[in-house]
Amino acid sequence: MATSRANVPFARLDFARKARTGFGETVFGPGKTPEQLASIFAAFAEKRLPVLATRVTPEQAEAVLAAGLKVKYHSAGRLLIAAGEKPRAGKKRFRPMLKGTVAVLTGGTADIPVAEECAGTIEFFGGRAARYFDVGVAGLHRLLGVIDKVRQADVVVAVAGMEGALPSVVGGYVSVPVIAVPTSVGYGANFGGLSALLGMLNSCASNVAVVNIDAGFKAGCVAGLIARRTKPAEEF
Amino acid sequence: MATSRANVPFARLDFARKARTGFGETVFGPGKTPEQLASIFAAFAEKRLPVLATRVTPEQAEAVLAAGLKVKYHSAGRLLIAAGEKPRAGKKRFRPMLKGTVAVLTGGTADIPVAEECAGTIEFFGGRAARYFDVGVAGLHRLLGVIDKVRQADVVVAVAGMEGALPSVVGGYVSVPVIAVPTSVGYGANFGGLSALLGMLNSCASNVAVVNIDAGFKAGCVAGLIARRTKPAEEF
Amino acid sequence: MATSRANVPFARLDFARKARTGFGETVFGPGKTPEQLASIFAAFAEKRLPVLATRVTPEQAEAVLAAGLKVKYHSAGRLLIAAGEKPRAGKKRFRPMLKGTVAVLTGGTADIPVAEECAGTIEFFGGRAARYFDVGVAGLHRLLGVIDKVRQADVVVAVAGMEGALPSVVGGYVSVPVIAVPTSVGYGANFGGLSALLGMLNSCASNVAVVNIDAGFKAGCVAGLIARRTKPAEEF
Amino acid sequence: MATSRANVPFARLDFARKARTGFGETVFGPGKTPEQLASIFAAFAEKRLPVLATRVTPEQAEAVLAAGLKVKYHSAGRLLIAAGEKPRAGKKRFRPMLKGTVAVLTGGTADIPVAEECAGTIEFFGGRAARYFDVGVAGLHRLLGVIDKVRQADVVVAVAGMEGALPSVVGGYVSVPVIAVPTSVGYGANFGGLSALLGMLNSCASNVAVVNIDAGFKAGCVAGLIARRTKPAEEF
Amino acid sequence: MATSRANVPFARLDFARKARTGFGETVFGPGKTPEQLASIFAAFAEKRLPVLATRVTPEQAEAVLAAGLKVKYHSAGRLLIAAGEKPRAGKKRFRPMLKGTVAVLTGGTADIPVAEECAGTIEFFGGRAARYFDVGVAGLHRLLGVIDKVRQADVVVAVAGMEGALPSVVGGYVSVPVIAVPTSVGYGANFGGLSALLGMLNSCASNVAVVNIDAGFKAGCVAGLIARRTKPAEEF
Amino acid sequence: MATSRANVPFARLDFARKARTGFGETVFGPGKTPEQLASIFAAFAEKRLPVLATRVTPEQAEAVLAAGLKVKYHSAGRLLIAAGEKPRAGKKRFRPMLKGTVAVLTGGTADIPVAEECAGTIEFFGGRAARYFDVGVAGLHRLLGVIDKVRQADVVVAVAGMEGALPSVVGGYVSVPVIAVPTSVGYGANFGGLSALLGMLNSCASNVAVVNIDAGFKAGCVAGLIARRTKPAEEF
Amino acid sequence: MATSRANVPFARLDFARKARTGFGETVFGPGKTPEQLASIFAAFAEKRLPVLATRVTPEQAEAVLAAGLKVKYHSAGRLLIAAGEKPRAGKKRFRPMLKGTVAVLTGGTADIPVAEECAGTIEFFGGRAARYFDVGVAGLHRLLGVIDKVRQADVVVAVAGMEGALPSVVGGYVSVPVIAVPTSVGYGANFGGLSALLGMLNSCASNVAVVNIDAGFKAGCVAGLIARRTKPAEEF
Amino acid sequence: MATSRANVPFARLDFARKARTGFGETVFGPGKTPEQLASIFAAFAEKRLPVLATRVTPEQAEAVLAAGLKVKYHSAGRLLIAAGEKPRAGKKRFRPMLKGTVAVLTGGTADIPVAEECAGTIEFFGGRAARYFDVGVAGLHRLLGVIDKVRQADVVVAVAGMEGALPSVVGGYVSVPVIAVPTSVGYGANFGGLSALLGMLNSCASNVAVVNIDAGFKAGCVAGLIARRTKPAEEF
């Protein structure tokens, strides 16, 4: 395994992650200079491996794109994505079959960046994300208008700030797990997302689990793993 | 005003409150012995004035009833009520015309004691309370089944624990003020009602105001004042 | 209802809100570019509908005004207001009769922006706001000097930071609901408005309900609804 | 649907839940007298439907058993279980195929009641629970000794108090979702489970989602839904 | 100084405190058996020195009184007081001249035990306490009715729970220091006195300082020291 | 009293405060433009009355000084002071006799701005402040080296951040009140001064009262009132 | 290692711990019946191995003693101790040479149970504990009277509640590590030990590290490990 | 000792610290201008004494280096170090024999600045620091790959943000004290390091003590003192 991990001066990169877990490596954008991020993407490109960077600023993205690398900047989700190349035929493990669909909902428009981070992550891992944004509970007709489609998904991600009530309402309408993502959207006694976090943890719907505040990436990981609908041992 | 206030040894009673504000005096039950509570009710009975006691235990109620006083124990709301006598004809101020109706909703059955404290208080002050209990958001068909009736009310009181999402959902369906009452119902990270309190304060519905945790009495007072639908100055 | 809602690329606008609820649409200013805000106001102007934007910066306001739209910038309350045109005669629902008056009080001068946001909102919805600013409890003669006028109002909004004691004191003097607005004014152990929020939630006055920290807009909505003093069903 | 819901005087029971969602009804034990609980189980027995009660005390269980009902008391998990009868042949929806296995881990022995509540819930819904208790991170050889078996599961539930580090460590070893359950086990600055809750929410493992403190039942619901590994729409 | 301190098996007693500081020794009642408390009072009685015990239960008091010691049980303030004997003539330091008067106010009747602990402490140290109870801000006429007398005091102690607004209002009427004592009186979001504590710390009145929640004894000590109105160095 | 209060457009000024309370008016600097502050000082200068501004920036101070007004900028305490003119002979009330001395201590050098705000306030009101800075408890020889001088003071102000232990240690050495001022100095788990605040509120020394975090001005007011050592009624 | 661990029905016991780490096994008393605790001690006695139980009630201790086992009940520290037998000669690893001395200090008498738990733990592991109790900072002469002896220790454990200032003051006098133990002793705003915990974490002395609230056992473990003063690798 | 302490205008410097405690003086960088810092280093250089500055910015460092002083800027740890000159032969006390080694671990790369502050401090005091960075628990093979080397250390410092689980896992592998340093690394519900802090305080490993959030310097001091492995009294 000695060759599977390289240390650029500013980060330890795990080139074997894809082979080991079926999922590409991901890096956290904040705190890295545009040049550092470009170096990381170059290192993965050299090995034709996929890599995902989260919370990427336009300046960082521009630097990587300027380096001539084959990446896509998902600006709404602040993601920088290098898809990597498809594995050789027969290598079953190189793309986990995320057969299912993840419904990604938001309460308001201000929650969209977190939701897009989640949806983009799901797509990076090979899953399908169906977006239903701005369907918050204070105007319930919006949610009711799409609920039949939401019920088709294998798992629901519900992203909301303020009182964070969306997962509870959705949870009552579906028979799949709901991954709740509290956001820091709001003001005053929302205490940076604490109100939504507590609301979601105390949801009276029994099919709701919660990730950290604004944690779109983590919600995408968890929901993606749920959506693949096949026994893990069969895949690897 | 010297005669309007009497000090039994353990409490200062305001016999003039009815005349001054149009509402009867209220006393807080906890911390008073059954005998003390009986003395208070006797003092008001002597003056034929109404009085309401909140958070009254069955033991306290029994003591007052045993004293032969004309009171009613509202056990579900833990209220002890002496209606007083009607004022002399022409004395307009002696019964505020709470013409409207207050819809009192709860998320679950465990919230009912707080809701009954609220409803009983409204009724003590002469208003009407329409009860819609156990209509929490995780099984939304329950709320939708009664929402048309709720919309007839002049003001809504929404009582809920856990994530406290009920006021937000109801708030989107009505064009009247919603008084939200967080309850301490729940466990774990509900922190004694804090989760519901924060959820309600951060409600994305713009017609929601909040009272203290488990504050059924206060919700009844505020909602009652809203429901009377007449200019206060005309009444007094 | 397909035509009642338009999606500019960056926001979902509810053009039917006025017809549905009797109140004009409102948008939250923060996070929108001046150009986006101008587009929103243009869209409503085209339909001759009223719209209110809150927490609007001078730069945003300037952009909208520069677009030649008929709006008014209420700088003290950080509101941008397009009044819309009066509905056709006989359309009772197009202007809720907010017959009553809302007394808007502040503890200090630093609370005024929140109070003006509240007062401007009330006026946008067609109500009357009577302002009594800088009447905090540590110099009680100031409040006592205006209390007789405050008592004429149909509902009181009390805006205060620091210890947030104003609603309790006012609440004892009036027989109408008091909507308490905690502000983040203060320093040290005020914890961004938490001290005022807790103070108001624990008010010993039984006619006090609370909205979120700095939530002038929400206080205006709730107080406006209380002030109209007519049965909602009669209006619509 | 009128006949699918019966109101015993003290609770609203949902007899249609099994038919609607594929899962039996559940009731919360605390706050119910032994007699009330027995009545609830009798009502379901009459309809030959499954029902689960959580947080049941030995006294409550004894009362139900004494009523001659066919129930099983799962004392370690404080669960009272009536399995109901198997649906008629061909009725696919009457037992969701929870084909997968849920690995249920605890950090210490004091976390076992919560873990058993989770495991018993999974089993009530027809799933398989594999228990690995007392494998906390401060003696890592315990976890490493079972990790290969844990990796066979479709989903992991990690139950821990104190610092709540177990999900993070397990999360790094598996490619399935980890449902983390913080417990109130600990003392001092654990603040009733807050330390474990925050630890789990902030897990650096990207496949960890969290439920409320001590919420074994909810963890069982979420994990059971994940474990069935088939497209929900196919089942119903 | 070897003889000035005796260790009974369960406590270290400071017999020299009176001589050193001008104030008698005080002991904290909770956690001591009635017998232990009696031993402590006996030890002081032997030396004819004053001693004060706080938070004394009726059972503890009875045990000390039963031992035939010359003590007084101040039940309202939960204090047990042995006055000691007057020092020999000419020993100026043996009774600090607490010439002034401390006005002790409470917001409600439930705050009285804390206020009596304060008043009793002041009296133990030789000062005068003027009591004004149940003068909370939600019925301001009560405070205004006594404010002229309160203004005669050298220092004010304001005891209040719930929102803790009393010190702010009183502080605006007097030109002496106000020692604010938050109490745990209240419920819900008062969080055991936190609401009153924060309210008092954030008082907009500039002459207010605060002691711990329910700290009647400490308020008595601080206020007593303020009230003596003579340069300390002259006394000792 | 109509003439005693003037409203410049941006502030309500109390010109009668000196006459009414014996202390000059004070204004809070933050949020005022340099020009506004200059206007305020000009208004008081016209009436030859004293005025104190707190938290004044160098830019604000420069603007006032540039206006040719007779003020002094106390940069260490961020105070701007206009002493006013001495009252006519015989007007006893125009300078409260703050005969005593206030010892102002700090734990570290970073606490000095708060301490200077306190000391400057005391001096503005005519009292004497004796400074003992950087005498924190982790190097106790520093405090012990000055403790004999501190013991000469009529009241002690102890300013400290971090763990806020200074008041407890000083409190044990003096027989006068100690006003504790927690500061926001520190980092990490000091939570903006909360650690020092809680430490001081829980001081085991019985002569310690506390003001808000960083509240040097308030500490100066309270300590100044304590230090005057004469019956208030005699002065006015 | 298969034989080194035995599972009694209610606990997993680590019989190899002594051999592996040089320290005897410890068990947490709470939640175990007296009979269970007796079984555990019997199991260790059979193997002649040492074992320590913490937070043991008198009832539990009595049961173990009644079983005829050779144990010692350290009631002040709530510890039950079985010393085990000395290892065979030459087995260096069977008693870590805790050559040093640990000074164990408390602020007050109420902190003694925690301190004794710490001291007893040190002694169980073979170290020496020097006790200096009731030397809190508000009467500093008590600490100064013993500080020279404290300075002889290899490590200091400082146990204190309330403001938790003791470690800071001691830390300035010694050149060894200070292990600070916050206790829940206090009332009001001590919030169950939070005030002492925050105080100790923010200590301005640079040689202070902290353990959990009331964690006497853990402090004993850490201090004991520090005190042995020999390179660990030499021992094992 | 009069000559051992010099007051530059902006700081009190302790030139005798090295002689008194065996450790050089340290100063806190933040809040000092580059010029002030240069003056401090010049003052120590003049006396040929060692001095350490923490949290030094590149700008500050540049200013000191530009002054021609013999210092080293440890940019990774933000430390500025003047080693001082070796003491005269025979002066045993002038360099404490920190014979041992401190293993300094981090969970992630973002924790490195805090870890380097710790390691640099240890080296300044003459100890050895062995760095093991980026060995967090979610990829446990990284820690297991170095654990044998970590076990050679005399004391371990574990630096981690987010859930702060590293100390618990390491603590189970070593028989030496583990000093845990929570960092503010993370987002959302990490609340500025609170999650890691609580996790570490509640560690189930009994050999873990904790310092303040981001307190690399303090961890270095405590660990350095532990590592010297000789009786303090022998050294001085």
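Observations
Here the chain labels run A, B, C, D, E, F, G and H in written order, and each chain numbers its own residues starting at 1.
FYI, a contact is a pair of C-beta atoms (placed from the backbone, for glycine too) under 8 Å apart; a residue touches a chain by one contact, two chains touch by 3 or more.
Quick caveat: nothing in here was measured; it's all calculated off a predicted structure.
Look at the CA centroids: the one farthest from the centroid of chain G belongs to C.
Looking at A-D and D-H, the interface holding more C-beta pairs in contact is that of D-H. Here the CA centre of chain A is 38 Å from the CA centre of chain C. One finds 46 Å separating the Cα centroids of chain E and chain H.
The centroid of the Cα atoms in chain B and the matching centroid in chain C are 27 Å apart.
Spacing of chain D relative to chain E, judged by their CA centroids, is 53 angstrom.
Looking at chain B, residues 139, 188-190, 194, 197, 201-202, 212 sit in touch with two or more other chains. Chains touching one another form the pairs A-B, A-C, A-D, A-H, B-C, B-D, B-E, C-E, C-F, D-G, D-H, E-F, E-G, F-G, F-H, G-H. For chain C in complex with chain B, the touching residues are 21-23, 26, 99-100, 152, 154, 175-177, 179, 197, 201-202, 206-212, 217-219, 221-222, 225-226, 229-233, 236. Residue ranges on chain C touching chain A, taken from their complex, read 10-12, 14, 31, 182, 184, 193-194, 197, 212-215. Interface residues of chain E facing chain B in the complex, by the touch rule stated above, are 109-110, 134, 139, 187-190. Contact residues on chain G toward chain F in their complex (touch as defined above): 107-108, 136-140, 162-165, 168-169, 171-173, 186, 188-191, 194-196, 198-205.
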